[in-house]
Amino acid sequence: MSLQLSDPLQNTVDGLTENFSDKVIEVYQSTGDTFIRVEADAIVEIATYLRDKQHYVYLSDIFGIDRYTSEERFEVVYNLLSLKTGARVFVKVRCEEEDPVVDSVTSVWPAAGWNEREVYDMFGVFFNNHPDLRRIFLPEDFQYFPLRKEFPLLGIPGSIELPSTTPDNDQ
Amino acid sequence: MKLSDIQSKVNSTFFKEHQKKLYQSLEDKHTSIEELDEGDPLTTKMILNMGPQHPATHGVLRLVLQLDGETIEKNKLDIGYLHRGVEKIAENKTYQEFMPYTDRMDYLSPYSNNVALCTAVEKIASVEVPERAHYIRMIGCELARISSHLLWLGTMVMDAGAISFFIWTFKEREKIYDIMDRIGGHRFTISHSRIGGVANDLTDEATAYIKEFINTFPNELRDYHKLLDRNRIFFDRNEATGVLKTEDALKIGATGPVLRACGYALDIRKLSPYARYNEVDFNIPTRLEGDNLARYYVRMEEMGESIKIIKQCLEKLPKGPVRTDNAKQSYPSKDEVYYSMEGMIHDFMMTDTGICPPEGAESYHAVESPKGELGYYIQSDGTGHPWRLKINAPSFTNLQVLENVLDGEMVADTVVIIGGLDPVLGEADK
Amino acid sequence: MAEVTATSYIVLGTALFMLLNSAAITVYAERRVAAFIQNRVGPNRVGPLGLLQPIADVVKLLLKEDVTPTHGNRFLHTMAPVIPVVTALMTVAVIPFGDGIYATDINAGVLYLLAVASLSVYGVTLAGWASNSKFSLLGGLRAAAQMISYELPLGMAVASVVIFVGSLSVVDIALAQETWWFVFLNPLGAIIFIIAAFAESNRTPFDLVEAEQELVGGFHTEYSSMKFGMFFLAEYMHVVINSMLMVTFFFGSYHLPFAGLWLPELSPLIKGILDVTVFVGKTAFFVFLFIWVRWTIPRFKFNQVMKLGWSKLLPLSIINFIVIAAILYFIVG
Amino acid sequence: MGLESALGKGYLTTRMDTLVNWARSNAAWPMPMGLACCAIEMMAFAGPRYDVSRFGSEVMRFSPRQADVMIVAGWCTYKMSHAIRRIWDQMPDPKWCIAMGACASTGGMHRCYGVVQGADNFLPVDAYISGCPPRPDAVIHALMKIQDKIKAEHSVLLDT
């Protein structure tokens, strides 16, 4: 499929393929959005490059995708916005189910902090070098990762405790 | 201060692991500049838990503050007290079925959430929307923006101590509720937008109400300005509190009015116009100071701009259908459903499977909700349900800002800063 | 000190009874005025015009379960609400409600008032400490700091009145205003006194002690039942008391404006009724002012309150005092 | 008791009950447990158009120690339910609870892993309000139902 890229996006893609020729796996478009899939181990370098050389200063969002039954099950997507050109680009990395670890980009964009925590909370993907990797929505006592496809919508009974209906008498 | 100092004092009765990690993380924040004062006879510090049930946290935000007298040394936020997993729900619903859930995300401005989902689905499924529907959506969105900003104004001033002001803004909100009632039949969670258009046309009554509102509201806005702009106490409370510099705001990913109050005019309505925002004329108010007062001015001016947009929309409102006439893409009109067999079958099909975007398609579409950039990422697997639906919620992003600006402020400032950032927890907690 | 007569007991009894009632009436007035300011109706279901609302509140509070926090100090927790109520009641002893209508005339009445008024802060601070709650503690600390800061300008403002009269007796101060109210002679002092009185009674814009939005309820967060009810009543009693003090010190006490110039001699009964009516009317106006301000103005921040107290009001009140003293000494002679 | 026999059996206690119930029902201070969308309607319920102060209930006490009626407005998640229950335990007796809206009553549309399917799983609820969110009139109706319930209670002498 041939790509129809606007000039700024073309620049981005050219720059990436030039500097990280062995790290960029594929570039594709879907309904007008541009997705660049890169090797997981190079994400911090690529992020630094994109921020410093391509003006992707603003990190809009980070989210995970569960590619259930596929190889390299988890995908982490970085939603970047260039403030100079107004171009939006999505950078994707993939990781294995057994050892889902991705390097944290909090050193590049501090905004990634909470978004990465959310991905960890929902999918169980760990982020190396994250300053404060805790669950963000669910309590730490919860054992599961709810947005994984095998987790039932109604939850697992008893996985989160309900309050006791007799008043505290521990003191 | 040692961690054991906090932990030994804490006696959690539920979610023990969670509380432990939270205090641990508070402990770890800024450890480099933290030093133990040997001469201090009070070796323990006061840890104040604000929330989750607290009058000023706009819902169920929990702040864990380490205090030095009245000054906040460091803080951690704990959110998720409203987490219900809408993204998981979305994977089990058709796109249209998911619409009411978006209402309950940012419940101060449900209309713009509906439009965000609709435009995202329309983008991924290539649905053409009639002109009139675009304009009706814009009117709804701007009304929602005014309604949201009004509640922000009321609660922010109320948090500063003036309780009546909240009631006065609520009087105006009631008018917007009336309009919404006339448009869609409910006070605020109206789910009026549909994939491929809107549910029904504006009635004459609704149009009359809107016209009356846009004529009277600027006067009210002037009154608010009169009351607050020269109010010394209000000024002192808000000036230079919660200051965020432009670079920091971009780094930490602030969005919406919070970012614009820091001096960066990022507005999705201008950046990548959706609906027909490229055909109306409006400005993006910005301020350079980045403090709470700047946020106040930005939002107040935005309300004025919204009135301007609604006026233009009413002038330009074209005649025509309000929903696309393609039974594979949107619900047929009720006339068809009641009086023709085909219409009824299509209605069934839409309810049962709904609209099916092509397999493997991915798209992201953002709108400028009152709180900031509200984006929906959808990945389709070719069925009527999304494979993955991710909501980029502005409140979530802005709450992260809160964790960074609170350090060094006073306890009394927390409430006005939370008010100034205007997070909605229903949206932040997903 | 004047002799204690039967009149004293009657006046004292009536005044105490009316003060307790006035707290209830003020509660009702506050709810109605608040409703009026906010385009609402206000209580109207209980009794005619909802007049029985405070009674319903009090009966309900009386019969509610009383809670003392587990790790709180039970004795202090119980004692704390009594202090503001008692001090509020003690103040009426020296306030003249009309010509000759007062419980007692202490020759150091002003000092007595200041001393008693500053006692009530102990109740608030103890309540904050004995509750074993952080919000209460913060509220109590704020109360202590705020009271100390505003006692001084308050005292200086009163002192600037006392030098006009040359007597520390409250009755003399009231008598001296027959023609000229002190608000005309000493306007700066009056303003300082009003501000400080607002701060002393913990009302908006100085209600950081309660600070519903930040500290939930401040010092009374952990109080329930009638203990809370006593704080509640004490707050309104202090509003009434402070209004009375404003009237007594600056707004002519029981005198009509420039009454000495035009008011003819009246029979003692009519004069007494007129005096008390005028006094009550003026007090009611200031109570309304308290309520009005409460529902329209935002609240200060802690450091701003301190700054206002120490760096603005205190120097201003001292300068005011010195200037008045100088004028009286050198010019009036 | 002499008085009892003179005035008829249970006369005094019934009178006392009437007084107590009258006071309690007309001074029911709400504890606004505003969680989600319903909280906005709860504000409207105290606002100018609906004005709950007519019933003497506009004194929103955010401290549980001083509140009588807890209005659970919004969905209760598992994480939040502990806080709600704790606040309920902190409220002194007598106390009542309104589950406002479909989510608080049954879980409503949020049939998913995070939400407790009805606040009555951990709270004794006195009145349920339907609607998502209910209109403020419905909340006032629920409050009046609570008032009716209070008026029918025997608080002084339980068995006469």
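For reference, chains read A, B, C and D in written order, and residue numbers begin at 1 within each chain.
One rule holds for everything that comes next: contacts are C-beta pairs under 8 Å (C-beta built on N, C-alpha and C of every residue); 3 or more make two chains touch, one makes a residue touch a chain.
These numbers come from a predicted model, not from an experiment.
For the interfaces B-C and A-D, which has the higher count of C-beta pairs in contact?
Looking at B-C and A-D side by side, B-C shows more C-beta contacts.
If you average the CA coordinates per chain, which chain's centre is most distant from that of chain B?
C
Between chain A and chain D, tell me the centre distance in angstrom, where each centre is the average of that chain's C-alpha atoms.
Between these chains, centre-to-centre, one finds 44 Å.
How many Å are there between the centre of chain C and the centre of chain D, using C-alpha atoms for each centre?
Roughly 35 Å separates the two chain centres.
Where the CA atoms of chain A average out and where those of chain B average out, how many Å apart are those spots?
Result: the chain centres lie 22 Å from each other.
Which positions in chain B are in touch with at least two other chains?
Where chain B meets two or more other chains at a single residue, that happens at 13-15, 54-55, 80, 83, 85, 88-89, 167, 171.
Pull out every residue in chain A that's touching 2 or more other chains.
Expected reply: 137-139, 146, 151, 153, 161, 163, 168.
Quick check on chain C: which residues sit in contact with 2+ other chains?
38-40, 212, 216
Just say which it is for the chain contacts: an open line, a closed ring, a star, complete, or other.
It is other, because the touches fit no line, ring, star or complete pattern.
Quick one: which chain pairs are touching?
Result for touching pairs of chains: A-B, A-D, B-C, B-D, C-D.
Okay, in this complex, where on chain D does chain A touch?
So the residues of chain D touching chain A come out as 78-79, 81-82, 84-86, 89, 111-114, 116, 121-122.
Over in the complex, which chain A residues touch chain D? Could you list them?
Listed in rising order, the residues are 137-139, 146, 151-156, 159-165, 167-168.
Please output the residues of chain B touching chain C within their complex, sorted ascending.
My answer: residues 46, 48, 54-56, 70, 157-164, 167-168, 171, 231, 233-234, 236-237, 410-415.
For chain B, which residues are in contact with chain A within the complex?
Listed in rising order, the residues are 13-18, 20-22, 25, 28-29, 79-80, 83, 85, 87-89, 91-92, 123-124, 126, 250-253, 264, 266, 271-272, 360-364, 366, 373, 375, 377, 379, 387-388, 390, 392, 396-397, 399-400, 404, 429-430.
Where on chain C is chain D touching in the complex?
Chain C reaches chain D through residues 31, 35, 38-46, 50, 52-53, 55-61, 63-67, 212, 216-217, 220-225, 228.
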